[in-house]
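Just below sit the structures, each encoded as structure tokens.
In the two assemblies presented below, chain A is common to both, partnered first by chain B and then by chain C.
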Partner chain A sequence: MAHSTHTLEKGAAKAAPAAAVYSIRRPRSATAKKMFPYLLVGPAVLYLLAITLYPGLFAMYQSLFVVKFVNWSWAGLGNYTRIIQDREFWAALANTAIIGGLSLSLQTIIAMTVAFYCYRDPFVRGWRIVFLMPMLFMPSAVAFIWKLAFNDGRVISDLLMSVGLVSNNVDWLSSVWLARLTLIVADVWQWTPFLFIIFVGALQGQDEEIEEAARLDGASWGSIFWNISLPMMRPIIVVAVTLRGIDITTMFTNVYIMTQGTPGGATETMSYFIYRQGFRMFNFGYASAASVLMLLITIVIAQTIVKRAFKSGKS
Partner chain B sequence: MASILLKNVVKSFGSFVGVQDMNLDVVDEEFLVLLGPSGCGKTTTMRMIAGLEHPTEGEIRIGDALMNDIDARDRDVAMVFQGYALYPNMSIYENIRFPLRMRQVPKAKHDDLIRRAAEMVELGPFLDRKPGALSGGQRQRAALARAIVRQPQVFLMDEPLSNLDAKLRASMRVQIKHMQRELKVTTVYVTHDQIEAMTLADRIVIMNKGVIQQIGTPDDIYSNPANTFVAGFIGSPPMNLIAGTAQNGTFSSAGIRVPCPANLSGNITLGIRPEDCQIGGDNLQGQVYGVEPTGDITYLTVRTANKNIEIKAGREFRAPIDSAIAVGFDTSRLYFFGEDGYRVGVN
Partner chain C sequence: MASVRKSGGDNLLVRYIILVSWAMVCLVPILWFLTIGFRPRTEIIVPEPIYWPTWSLDAWRLLVSDWPIALYLRNSILAVAGSVVIDLVLAIPAAFALARYEFKGREDIGFYILSTRMMAPAIVAVPIFFLFKNIGLLDSVWALMLIYAAINLSLVTWIIRSYMLDIPKELEDAARTDGAGDLTILWEIMIPACLPGIITAAVIAAIFAINEFLFTLLIASTSKAYTMSVALANFTGGSDGVIYNAIALVSFIAFAPILILVILIQKHLSRGLTMGAVKG
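Take a look at the complex of A and B:
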């Protein structure tokens, strides 16, 4: 008892000087207080501006010139009018839409299906870790793995032959759709986990009591999913798929490593087209104009989708 | 419409036993209330009847059919959850319609059934709203409407009123009772509130630590508590329980003397309800500890050497603190409990 009183007094004695120290500290001025948060985020903002805004503005500026290394000659909107008549540009746009669209749809469906089957599984944490793995690989490493599996190492062909689906080695780059398929498979393999993690998280967060209520109302797991889970997840789905979609429209690594746009440009995506114009043919102004166009297209599409999804979700 | 039978039902969670060897027979059309303190296994019992939880041992029957291996969705049971569990993305109309859709009730009948159910709980004007746009009481009624719309064999309600304010709770209580009488559906209702239990139940099941303490009508439970747990749980304030000794037909404790059956002896607990005491008399001598006027009644606490005794005095009663006071008991309403807590000396 006596002991505890003693420590109490000691604590009180300590507290007094601490308070004094605090009051001695010079009070900050109002502006200094206001500036402090900006100071904290400043470095990050500068860094982001340096790697996004500056190159972006530079590309916009450059897109108004015909650039041959150091020779810049003013072209106005000349690059843009040429691009609009360029068949290769439109082909690249279509390829991006086809490959990206198929890949994104597949990823969404697979991720949702797997999430649906395992979100109330007792081992769901384990599943999450297992499915997360592909995402942790370096994208270029993944591209090389699939290049090996499809083309150089013929692993996939051998597998298909051993189950009797094909009789000869498949030359994946010989046909438009097979070549596109290899890109889709690689992208689906690596990025479905991204959507899966988000979907399974949303499903796990769903109120279990609501599922039980629906069970007692006579709903099967399938109808619970369609009638209750899916509508509730709508905003999450829209955001996740939009993010993934934006990422897919800039698909480059896999194309560069696996197909290089073959056969006959059938797998040339927008990013690869821009790369080819800029760094193979050195049409910097032209490539810049293409990137600006692509940026505009992406923004318009993403905005429309998100706006529409959230508007109809509210009513 | 159906009876419910629980036979030697046990539910364990690992080594912890949530419900122990429960035997319960709910009669067709009965309103049965499970009453007990928090954590005593009420919800677990109800969830086993619903099929949301599987009994570790024992049988559960609805009607004559064994339910142990029947999935929750095939039991034809409707449940009202404590948190209402309305579907947030659907309007109230669609919420009430959901069980009809899931059970393939012909579409042509839907509108009629939904409006009738909504009418019963006075929810008519809110059918187009989403649950998020309703008050607690309205959500509660929406959950009720969803449960009654398909006329199930059994209603289960898990503390459905506990999230409402006192006034609303009282009016919903009457509404639920009226509705149950009208629909004649066997109902199991869980609560920890004894007033709800007393007012609603045909029969009350009192539980403690996973074990049934007593089953009986509200009157029965009030007038003939089987043990000290039940005696101390029912009534507000509950029965005074006073430890003492019995000898030669007299029970005595510090400041207390009452006659008791001659066959009692040794350590005995006396039970006396606050409403069976009156000021003036020779059973209890003590000091006034507290006086709490409430308007229609005055609660008086009397201190004795061992224990504080609660008494309901008349509305005019006032007394200074620490003044000496004498209290008389209605000796026809004394209860005696043995050392095991169970009732003794009943003829």
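Take a look at the complex of A and C:
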């Protein structure tokens, strides 16, 4: 705090001589003044429009065609009527929800438990760095770590065999739930730190005097957590879990490297479905239709859950 | 105070069992993967896992001789650094406007910027591919730079906006009565005062850019524009399968600088990761 005030003073002191130069300038007109904030925010907004609105419109347009390399033939709403009857599309949507939902719940529970047990520990700074590490690996590398551990190197099977949980090698890609489990493990391992670091920060920032007072009244650590900390953290939890939840729905890298959707599409997520339709099967019109549908879902979620989460987070 | 610290978690044994177990879950795969980087290929993809390998520098030799690792590094650094610069140039003025000016549509513009973060990369993957194809930027580091900048712009803007909101208005008012113009205030007061926020935003944007996978996969079709993240996925040698020891080495080359950067901004990390929504 002391440090930042210092910088502030320096900033103010430096501003004074420069101000003299600006005061000779003629005062700006009222319109110029009104336009100024738009000029500031304009470049960023234009950049984002170019990379979201343009592609969004392009996808909508392309989704009305059957695209075979350079040939675009008009299909009207054909891609959409096909897609809503496509079992693979609904499976991808369901997989995304199942894998994402389980993964997000596990991450939230683990992150909260670990944060609860370490936030007043004398070594909390050390724990924070250790628990953060998985998040700092490139996601593609993490996918390979778990691909090797589960499939190619058989390490997990071997460890499970040595403690007697399974009797022979497990083929993780042979069953729907085992394959999903490998994706969940990889995601939980890499991203629990995201929630942990936010939760532990919130707990550490909590007023110690309230805790102390409750302790003196004989409250147990657990009851302080349930009755005081958790309700106070609610807005923070909502924001953190919302952000993580959004990222989980975009899961692609792990699927691409670890399972490629096997067995029988049971691990294909929405992102992988779009990728496969577009860049493996070259059904660009069809992939665009799927993109548009996913965009609609995103907009609905953003307008409802996210808007509310960020409003409550700020207060 | 001391009593709170000592009795925390009520049962010390339970507390340390949980913390040590989770620490092992975090660290053991990393350490094991590190040993993968220093063992010969014959000891990686095997029917029976080998826990005590013969040490070797095979992977390192292979990386240097068979793969243009320096080029991947250069691509990563160039694309990531360039994208962060673009982000800061666009985001700082935008954040200033959102934090300090009353104007029509401010809330909506702010939320629009935020909402671009919610968009799954796959949604725009096909159109972006065609866009870059049409302007002849496929397989180019410049395209990656532009994409990474777009992915992180919302995050950078919101983080910096959050730090600017914390700067006391009096400071600005004082300068304004001295006749300072808007841009002077931004440059001489706001930027120095929210420097920690700017650095945090830059570090987090850099990490997300280093990690980016889907767009890089689509845009970089040859090793000319491969970044480390996507180069990894191509370390396969035909019949030899995935070359895990090289993958492990490259992933640690990227891990080390990220770890250092993150430790430097540790205090600001949770605020940065929540785009400024959580202070603490």
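Note that in this section the second predicted complex is superposed on the first by the 243 of 315 C-alpha atoms of A that agree within 3 Å, B and C clash if a C-alpha of one lies under 4 Å from a C-alpha of the other, contacts with A are read in each partner's own complex, and residues count from 1 in each chain.
Definition applied: a contact is a pair of C-beta atoms (placed from the backbone, for glycine too) under 8 Å apart; a residue touches a chain by one contact, two chains touch by 3 or more.
Quick caveat, the model's predicted, so the values are computed rather than measured.
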item: Which superposed partner A:Asp207 touches (first chain B, second chain C, both, neither); value: first
item: Which of chain B and chain C A:Ile198 touches, first, second, both or neither; value: second
item: Touched partner set for A:Arg215, first chain B, second chain C, both or neither; value: both
item: Contacts of A:Phe137 with chain B and chain C, given as first, second, both or neither; value: second
item: Dominant toucher of chain A (residue count), chain B or chain C; value: C
item: Partner chain in contact with A:Gly76 - chain B first, chain C second, else both or neither; value: neither
item: First (chain B), second (chain C), both or neither touched by A:Pro231; value: first
item: Shared contact residues on chain A - chain B and chain C; value: 212, 215, 220
item: Contact footprint of chain A on chain C as seen in their complex; value: 1, 3-5, 7-10, 14-15, 18-19, 22-23, 25-27, 29-30, 32-33, 36, 44-49, 90-91, 93-94, 96-98, 101, 103, 106, 109, 111-131, 146-147, 149-150, 153-154, 157, 167-168, 171, 174-175, 178-182, 184-185, 188-189, 192-193, 195-196, 207, 210-211, 213-214, 217-218, 228-230, 232-233, 241-242, 244, 247-248, 250-251, 254-255, 258-259, 262-263, 266, 269-271, 273-275, 277-280
item: Chain A-facing residues of chain B, complex; value: 50-52, 71-73, 75, 77-79, 81, 83, 85-90, 98-99, 102-103, 146
item: Residues of chain A that touch chain C when the two form their complex; value: 4, 7-8, 10-12, 14-16, 18-20, 22-23, 25, 34, 36-41, 43-45, 47-48, 50-52, 54-56, 58-59, 62, 110, 113-114, 116-118, 120-122, 127-134, 136-141, 144-149, 152-155, 158, 189, 193-194, 197-198, 200-202, 204-205, 208, 211-212, 215, 220-222, 236, 239-240, 243, 246, 249-250, 252-253, 256-257, 270-272, 274-275, 278-279, 284, 287-288, 291, 294-295, 298-299, 301-302, 306-307, 309-310, 313-314
item: Residue ranges of chain A in contact with chain B within the complex; value: 207, 209-210, 212-220, 223, 227-228, 231-232
